[in-house]
Amino acid sequence: MTLSVRLTHRFGGFSLDAAFEAPMGVTAVFGRSGSGKTTVINAVAGLLRPDAGHVALDGRVLFDSSRKVFMPVHRRRLGYVFQEGRLFPHLSVRQNLDYGRWFAPREEGAGFDHVVAMLGIGALLDRRPGGLSGGEKQRVAIGRALLAKPRLLLMDEPLAALDEERKAEILPYLERLRDETEIPVLYVSHSMAEVARLATTLVLMEAGRVVRAGPAADVLSDPDSVPALGVRTAGASLHAIVAAQEEDGLTRLQTSAGPLLIPRVEAEIGARLAIRIPAQDVILSRNRPEGLSALNVLAATVTAVRLGEGPGAIIQLRAGEDLLLARVTRRSALALELAPGVACFAILKTVAVAQTNVGGAG
Amino acid sequence: MTLSVRLTHRFGGFSLDAAFEAPMGVTAVFGRSGSGKTTVINAVAGLLRPDAGHVALDGRVLFDSSRKVFMPVHRRRLGYVFQEGRLFPHLSVRQNLDYGRWFAPREEGAGFDHVVAMLGIGALLDRRPGGLSGGEKQRVAIGRALLAKPRLLLMDEPLAALDEERKAEILPYLERLRDETEIPVLYVSHSMAEVARLATTLVLMEAGRVVRAGPAADVLSDPDSVPALGVRTAGASLHAIVAAQEEDGLTRLQTSAGPLLIPRVEAEIGARLAIRIPAQDVILSRNRPEGLSALNVLAATVTAVRLGEGPGAIIQLRAGEDLLLARVTRRSALALELAPGVACFAILKTVAVAQTNVGGAG
Amino acid sequence: RAETITVFAAASLKTALDGIVADWNAETGNTAVVSYAGSSALAKQIQEGAPADVFISAAVNWMDTLEEGKLIRPGTRVDLLGNSIVLVAHGAEAAPVEIAPGFDLAGMLGGNKLAMALVDSVPAGVYGKAALMSLGVWEAVAPKVAQADNVRAALALVATGEAPMGIVYATDAAAEPAVSVVGAFPADSHPAIVYPAAVIAESAKPEAEAFLTYLSGAKARAAFEGQGFTVLEK
Amino acid sequence: MLDAVPGGLGAALSPDEWRAVTLSLKVSFWATVLSLPLGVAVAYALARHEFWGKQALNGLVHLPLILPPVVTGYLLLLTFGRKGMIGGFLDQSFGLVFAFRWTGAALTAAVMAFPLMVRAIRLAIEAVDPKLEQAASTLGASRPWVFATVTLPLILPGVIAGAILAFAKAMGEFGATITFVSNIPGQTQTLPSAIYSFLQVPGGDAKAMQLVLIAIAIALTALFLSEWVGRSVARRIAGS
Amino acid sequence: MLDAVPGGLGAALSPDEWRAVTLSLKVSFWATVLSLPLGVAVAYALARHEFWGKQALNGLVHLPLILPPVVTGYLLLLTFGRKGMIGGFLDQSFGLVFAFRWTGAALTAAVMAFPLMVRAIRLAIEAVDPKLEQAASTLGASRPWVFATVTLPLILPGVIAGAILAFAKAMGEFGATITFVSNIPGQTQTLPSAIYSFLQVPGGDAKAMQLVLIAIAIALTALFLSEWVGRSVARRIAGS
């Protein structure tokens, strides 16, 4: 399934002109406040009729201004998690969750009990949305969208109102959704941790325009997209296979660059994972360091150096078959004489690989 | 100025029983979704009349159930930034911002132009809130509260809807507010980065109860509070004085444990700063490492070791006069033979000290 | 010195009275303003101190009530006008009906209604009911009576054909082209239809009595008769 | 049922007056119930749609409010009377007769109360956040479903308010009713007609006031009932 | 101003009829304007407060809707007439006379239109999110200020709707007016009273219809004006 989007639209002072393809998996739309993310997602949902453009989901045309096609919202079969919940105030939480099921085909999908348990909203089922806390509301909204068994999930900062632990609980479910079902997801978020973990495709927006779009791994590991992403959110992904579950609570992975120890991941031996390594969590060394608390040292070769305007530099490395990004100071880059072709070691703290940065291979 | 809060309240299945003191500065209320944070803040604001308790701001009693005192909301002089904006739909952005000024004393305070520029909402002034994006709305809400010149600021996840860069722009202003004015701030957030940067006092809530409260530095550097905070958000703060602005864009700080290089901070030489060092950004080594891209190596002594239930361990270190926390794997802790009294080196990436983690000394 | 007097008059007098008032105003230089409403409303207003100088009622009983309440100036009450009630039928050329004791009105109506004013409260209805009773046909007709709140509404029911027949004042019937008078009720079949008039006790204006006198004058007589009223001799 | 009302008021009423009371209830009830769906539909159209002739429809709905009731009654007579255009058609096609029947009284009451009903419902609809309706449609609900499951429940207090307002108005309607269907005891004599009759004769005030009290009692009961229902609905929505 | 209306309708009207038109406008205008603050206050009290006697107040407000207009007019005559309790008091204390003055017609119109006005405004108030009012009070606004700067602007469409509804109702009010203040040309003869007069005599229908058209024209103008104002207010709120 593929979503293809091409849109132009004007509001007073703001003009949108965006085009991208969202293949299977999670397509994250990333950009500053006011860059037009919600506008794009609304146009896909059919809540906004754009001035011109074309939107198709898996060949089915949802909107085509040239042929005057505009499929009504309710026929598009989307699950939309809104930035502000939008729960039905007159229905109980249970009835809110059930709402989309009236219209969904009877085919199998996420089960009610399963979704409720995963979102931790079992105790709320008989309450009305009026008295729920901000995070509780958002969890119910997510459940409601999931249970509508949509052909496309639209999520507008669905986790912004949730605490870290709750996020960490829900993210794996979204991953499973991405990996096990054929539902493409259009995901708006300000959190690069979320985006990097979930996204298979990344669309970077700025002032109504798409400045970069492509497979998440490519965009994230490209030093040139660092300015658009923000220096602190850049980072690349390593592909790995689970090699062993060690008894002190670590999981040993095999990557093309060597072994990697991370906090335990509940996965079968042999399972494929993608590990996001934020650029600023990587330390470089010209010679193999000894006696550090950091357990992971990968041999690598510098492939590109991009000096920023500030005191930092982004170093792109090849470690085995994967690309890594490291963010170091310009001073260190000079001191260590880092330049394309130079061999070095990438040091990585085991604990820095957080649960949110481990995803099933997308 | 001090806010003292003692409250009990029941809603259907939820019961609140919380007491804490919020001295000058920012008191962060941290806890999971549904733990009662908004309920506490509403009781302080006077939007909720709790079953029993006592709330006083700087000796002035706002609520006292035993003496049946309940000061009306509008006389409390608070600036409340709500979780959901609550802008006045019939007023322009400018009029929204001006709203509280009608009732505020003419004394000096944050100027209109200043606040508008800082929040980047100059272009929106003549618009109505209806068409603003989520982040734009929240910025206006923050401005509106600031311009009311409150004696107490209440902020309920004010930055949750903002992107990282916008957050990074607004945070320093909140810090300045904290440092330059005498306005105490009660700040609810899910983001430990924000909390750790802003909070002078920390109140950790769980299921309606205060599980820990105290000066942020103490709570954050105490290995015992790690479970309540969540392992990934623990960390301590170093006190530092700006020593020099280097020409390659770095700032050299002097700490009691030695020099520290961080990305440029706009501060006078001699200014005092607090640098938050997240526990998971610290790498430990028994011998002084050489040839690393990490520029900061501090000599330290282990003061406490706390092994977690998982594969991790929290090491508390004394570096000069400050306490640091480091999160390492249990395996490394054993391999490096870390135990109280052991001397070691803490390695810190320069770039890991993000703008959001540098604050004026609270 | 010109004076303004206020006349409270039954609404059915409007056409005739408007002309007479215009004449009187022109001749005397005084001004008479007329408030037209139902006799009951006007009487009640007079009871509550309305600033009326002259009252012309379509209902004898309301004038009696005012007189008992000493609300009209003694000696000024006159029976000003007379009227008659007629049986009308829908259509411009309906066949005449002979109205006599026991005539088969109910049979003529068949399943349809006889339009009247409210038979227990509005004068035209009261007179009509009395006539039918004295003719001995009320029992049979009663279930078929549709009562309107005034004569004009009853007439409208016949004019539209909603009811084939109705009992209304001769004055109203004459002016409605969509109905035809098919018979007149004998004058002795019901109490005399009288429009009493009087000066109100609280009125301090001599012009009020002069106006009342003028209403019995030749010019006024012509105007009333032009509308189908009979002007009663003193 | 009503005959069981004990003592005082009830005892002093003649059978005709009792019949006026029950007839008024019947007329008002059916006028309200039957015009409610149309009222909701018209209110929805006026609140949420732009269409050709919208202002004309709006004006038409409000006419009975603006016109003296006698005029409305007369116009009804001309159109819905047996010789009237619509009335004649309905009579011949469906045997549905309004003239001199309680059905006509109900029609009149419905027409007279319609503007009040539509206004109340329309305001309620305008207060519903369209974002909630959008949310429902993204979940697969078509327009009618969205209306039935989201809009309608949310405007329920407004609909109840509108219905009760209409009921109260119908209970008090007199001028148009008597003009259109006249006053036939037991068939079209409603409570207000009976009251009017008593006010027309000297000394009838006491009797009239007795009936007025009955009218007030009925209408206020309906009113308080609606307040109570409206409030409990609102409370349910605000969260248990 | 009105005399300048050209041709047709205007030309054929007698001075008395013109006076009825202008008087109706005056009466309806003042009835609406003067009762509006009270209407807003009562609507606010009913929507947002619990107090002793609330249901009694609610019932009282709705009485004119429930009662046949003649009854309301008669009750007004009894209480506000010169011999009535309140009327006598107001006359002696303030020289304020309602009976048989245009002020009485305005009072009647206000009373008759009050339930409609209050209902409309109350629904609008109930639709305002109390959270916005809370936000205003945290910014330092006292209850009255919150009302003036937040609640009132937000309910403006409802207030306008209520006012226009009241105006339209006042323009059409007849039964109670003629019963209370009679039908004195130039003083208390409103447009509907004039229409009534013409309907009571043979051959008056044409004239009556002419006046009806004028009444419709005025009321519909007001109605469309209110729609337009309400819509532009709503648009302003929705965002430029």
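When the chains are written out, they are named A, B, C, D and E in that same order, and each has its own residue count from 1.
The criterion applied here is as follows: a residue touches a chain if its C-beta (ideal position, glycine included) is under 8 Å from a C-beta of that chain, and two chains touch if they have at least 3 such contacts.
In this text, all values refer to a predicted model and were calculated from it rather than measured experimentally.
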| item | value |
| --- | --- |
| Per Cα centroids, the chain farthest from chain A | C |
| Farthest-lying chain, centroid of Cα atoms versus that of chain B | C |
| Type of chain A:chain B copy interface by residue overlap (half), same or different | same |
| Centre-of-Cα separation between chain E and chain A, whole angstrom | 60 |
| Whole-Å gap separating chain A and chain B, where each centre is the average of the chain's CA atoms | 26 |
| Rounded Å distance, chain B centre to chain C centre (Cα mean) | 90 |
| Gap in Å, rounded to a whole number, between the CA centres of chain E and chain C | 34 |
| Where chain D touches two or more other chains, by residue | 70, 74, 175, 196, 199, 240 |
| Contacts with two or more other chains, residues of chain C listed in rising order | none |
| In chain A, residues with contacts to at least two other chains | 12, 84, 127, 131 |
| Pairs of chains satisfying the touch condition | A-B, A-D, B-E, C-D, C-E, D-E |
| Of all residues in chain A, those that touch chain D in their complex | 45, 47, 72-80, 82, 84, 86, 88-91, 99-100, 102-104, 126-132, 144-145, 148, 154 |
| Residue numbers on chain D that touch chain C, as the complex places them | 70, 73-74, 77-78, 81-84, 99-100, 175, 178-179, 181-184, 188, 193, 196-204 |
| Residues of chain B that touch chain A when the two form their complex | 11-13, 31-34, 38, 83-84, 123, 127, 131, 133-136, 139, 157, 160-166, 190, 192, 230-233, 246, 248-250, 261, 263-264, 280-281, 283-287, 289-295, 310-312, 326-333, 336, 347, 349-352, 354 |
| List of chain E residues in touch with chain B within their complex | 131-132, 134-143, 145-146, 149-150, 153-154, 156, 236-240 |
| Residues of chain C defined as touching chain E within the complex | 6, 8, 11-15, 33-37, 41-42, 44-45, 48-51, 150, 152, 171-172, 174-176, 227 |
